[in-house]
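Down below is the structure, laid out as structure tokens.
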Amino acid sequence: MAKLFFRYAAMNAGKSTALLQVAHNYEERGHRVRIFTARLDDRYGHGRVTSRLGPQREVEQFDEHTDFVALMDATPGIACILVDEAQFLSKPQVVQLHEMAHLRNLPAICYGLRTDFQGELFPGSATLLALADEMDEMKTICDCGRKATMNMRVDANNRKVTQGAQVEIGGNARYRSVCGRCFRQG
Amino acid sequence: MAKLFFRYAAMNAGKSTALLQVAHNYEERGHRVRIFTARLDDRYGHGRVTSRLGPQREVEQFDEHTDFVALMDATPGIACILVDEAQFLSKPQVVQLHEMAHLRNLPAICYGLRTDFQGELFPGSATLLALADEMDEMKTICDCGRKATMNMRVDANNRKVTQGAQVEIGGNARYRSVCGRCFRQG
Amino acid sequence: MAKLFFRYAAMNAGKSTALLQVAHNYEERGHRVRIFTARLDDRYGHGRVTSRLGPQREVEQFDEHTDFVALMDATPGIACILVDEAQFLSKPQVVQLHEMAHLRNLPAICYGLRTDFQGELFPGSATLLALADEMDEMKTICDCGRKATMNMRVDANNRKVTQGAQVEIGGNARYRSVCGRCFRQG
Amino acid sequence: MAKLFFRYAAMNAGKSTALLQVAHNYEERGHRVRIFTARLDDRYGHGRVTSRLGPQREVEQFDEHTDFVALMDATPGIACILVDEAQFLSKPQVVQLHEMAHLRNLPAICYGLRTDFQGELFPGSATLLALADEMDEMKTICDCGRKATMNMRVDANNRKVTQGAQVEIGGNARYRSVCGRCFRQG
């Protein structure tokens, strides 16, 4: 009966807060969870999920070498896998999570972005959007008041950037969560 | 274009956390919000919205005499009204929020329970379920692993209670968020 | 694992079409369903679910005396109960459907309106909104292009009617599915 | 205010029926729509959207050369674009639909599959899942009673097929809509 969940949102909607809340909900009922975030995410230090409201906790990291099946084999009794920055999962990793939900009854809840600053899918989000049993959008607003669905990279003058690497090393890129109209109008 | 939102959940799903996150999202973009909670909710002290993750903030209180239209007339420039414990709104108050969304373009996001320990609607939730433009369920789990949809009152021996007042003054009542099956099986 | 579903919409969204499609989906896989509609609904003749696209079929009728548990006891092997015009169910009938989903593993899918022409809940929809395990909105549009959420009764001059019986015998009342703004502006 | 919608489902959930209902809803209010289906879909003859309930209508066809912007420039006054078999749209075509929604206020509602028999995204669904402003799942059931999310190709003996072309010319392939568990267990 377990499922693979994908809870997607534009940046700064509150994905990490929601993940920490779900972990708390499991744990206060006496269940154990394992929490992962992407190794490349060093905004707040390695291996940490941080809510912009304040709470944070140390978590495990995944990179392209992480074998979720092997990890779970080694620790029976886990009630749920929680993944932050799930857009950075590889395709085989998402397939693993889907298989574990359906063949081992181990649910996974993945939080992540749908698309990058050019409106292109990340590898992890592409596979999650293909396979997730339940998809929920976490909503946040554009400055114009509409629902934000896109992540616009902006330069120092707040102008839309259209070229560049999908992920900027060093994390100096600045982003705005915008609606489809503001994204298309630049 | 504004809407009346109802985000409902069983107890302890993380409604207050979500409300605080949405307030944060508005405020970090430079928008002002007004936040209300029910006067009778004194779990954490009067006039406070408290996330079980830790964050909390002082907020305004509403009771059956609160006139939301008058309050908003007095403070132009509010981007959104946020209401916690919205099941305790009166029917005319929810109608006010619906009218302000549609006639003044002022969105309201209400967080609350659907039903009490007997599976009966609260007055506020009944009217929100009737009028809300968008309804979203915030999910949490039953001990059995299914989605929790009901709020079961239990006694000191953890047995289901079926009789009593809708709201217990003093707050000694204990509750478990359970799925439909566990609720019906008691 | 069965659930009670409520699929609600303003008038003329296509609820009856959707019900007929779901019945078809069950039946082409070799499952049996039982379909009910309200006895008072005589728009198309008694005991008929009619899609505005053309398809229709004879179905059973329910009224306030219908005992769904007794009916189901008499016919084992049903895969699903489908109810059209579910806003006219009584509160005990919805409780029966919820109990059968959770204690007998018999799913029920109910299609109906949320509110009447005054924005008030029907008895059946009130209880479905309280107890349904899954609620889905079927969308249709207002003349202004927004999503229609309300059912506005209009007179011969297309003006909003605000007084009268919840259900007009004879069915001469005319309705428009409108958004919250058009409803509030009349 | 227009949006790009993606309503996805496993096979035989009733996507074509839903599309015909939406077209009907627009047209009975006096609005004009344009309806497209994929040229390669010749299950029921070229250029036809067919509900398994019976209704069908002649519609326009799209293939990889279709320029939706040019088509819409040529016919002002359209209220909505409806696309069946939208998984076969190309990526630039979905970008066109997203741009027309946000820059010309022309909504598009696309119905299609998420994945093929190997669990891989189609080009059109990948881009719709990336860009759609609203995504809704149309539900149907697996033979085991769970929600069907996957499309399993089966051979003459009803065994799962894992190799082959994404689309079989001639349409002799047989499919079953199954849940994640039945898909993974084969």
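The first chain written gets the first letter, and so on, giving A, B, C and D; residue counts start at 1 in each chain.
Just so we're on the same page, a residue touches a chain if its C-beta (ideal position, glycine included) is under 8 Å from a C-beta of that chain, and two chains touch if they have at least 3 such contacts.
Here's who's who by UniProt: A, B, C, D = Thymidine kinase.
Everything quoted here is computed from the prediction, not taken from an experiment.
Q: Over half of the contact pairs shared by residue number: find the pair among A-B, C-D or A-D that meets that against B-C.
A: A-D
Q: Counting only Cα atoms for the centres, state how far chain A (Thymidine kinase) is from chain D (Thymidine kinase) in Å.
A: Computed from C-alpha means, the inter-chain centre distance equals 27 Å.
Q: Suppose each chain is reduced to the average of its Cα coordinates; what separation in Å results between chain A (Thymidine kinase) and chain C (Thymidine kinase)?
A: It comes to 38 Å between the two C-alpha centres.
Q: Mark out which residues of chain C (Thymidine kinase) touch at least two other chains, giving numbers and ranges.
A: 1
Q: Which label fits the chain touch graph of this model best, line, ring, star, complete or other?
A: Shape of the chain contacts: a ring, since each chain touches exactly two and the loop closes.
Q: Just spell out which pairs of chains touch, all of them.
A: Touching chain pairs, listed by label, are A-B, A-D, B-C, C-D.
Q: Please give the residue numbers of chain C (Thymidine kinase) that touch chain D (Thymidine kinase) in the complex, ascending.
A: Per the stated touch rule, the residues are 1-2, 12-14, 17-18, 20-22, 24-26, 28-29, 51-55, 140-141, 143, 145-146.
Q: Where on chain A (Thymidine kinase) does chain D (Thymidine kinase) make contact in their complex?
A: Where chain A (Thymidine kinase) meets chain D (Thymidine kinase), its residues are 3-4, 95, 98-99, 101-103, 114-115, 119-121, 125-126, 129-131, 133, 135, 137, 147, 149, 179-181, 183-185.
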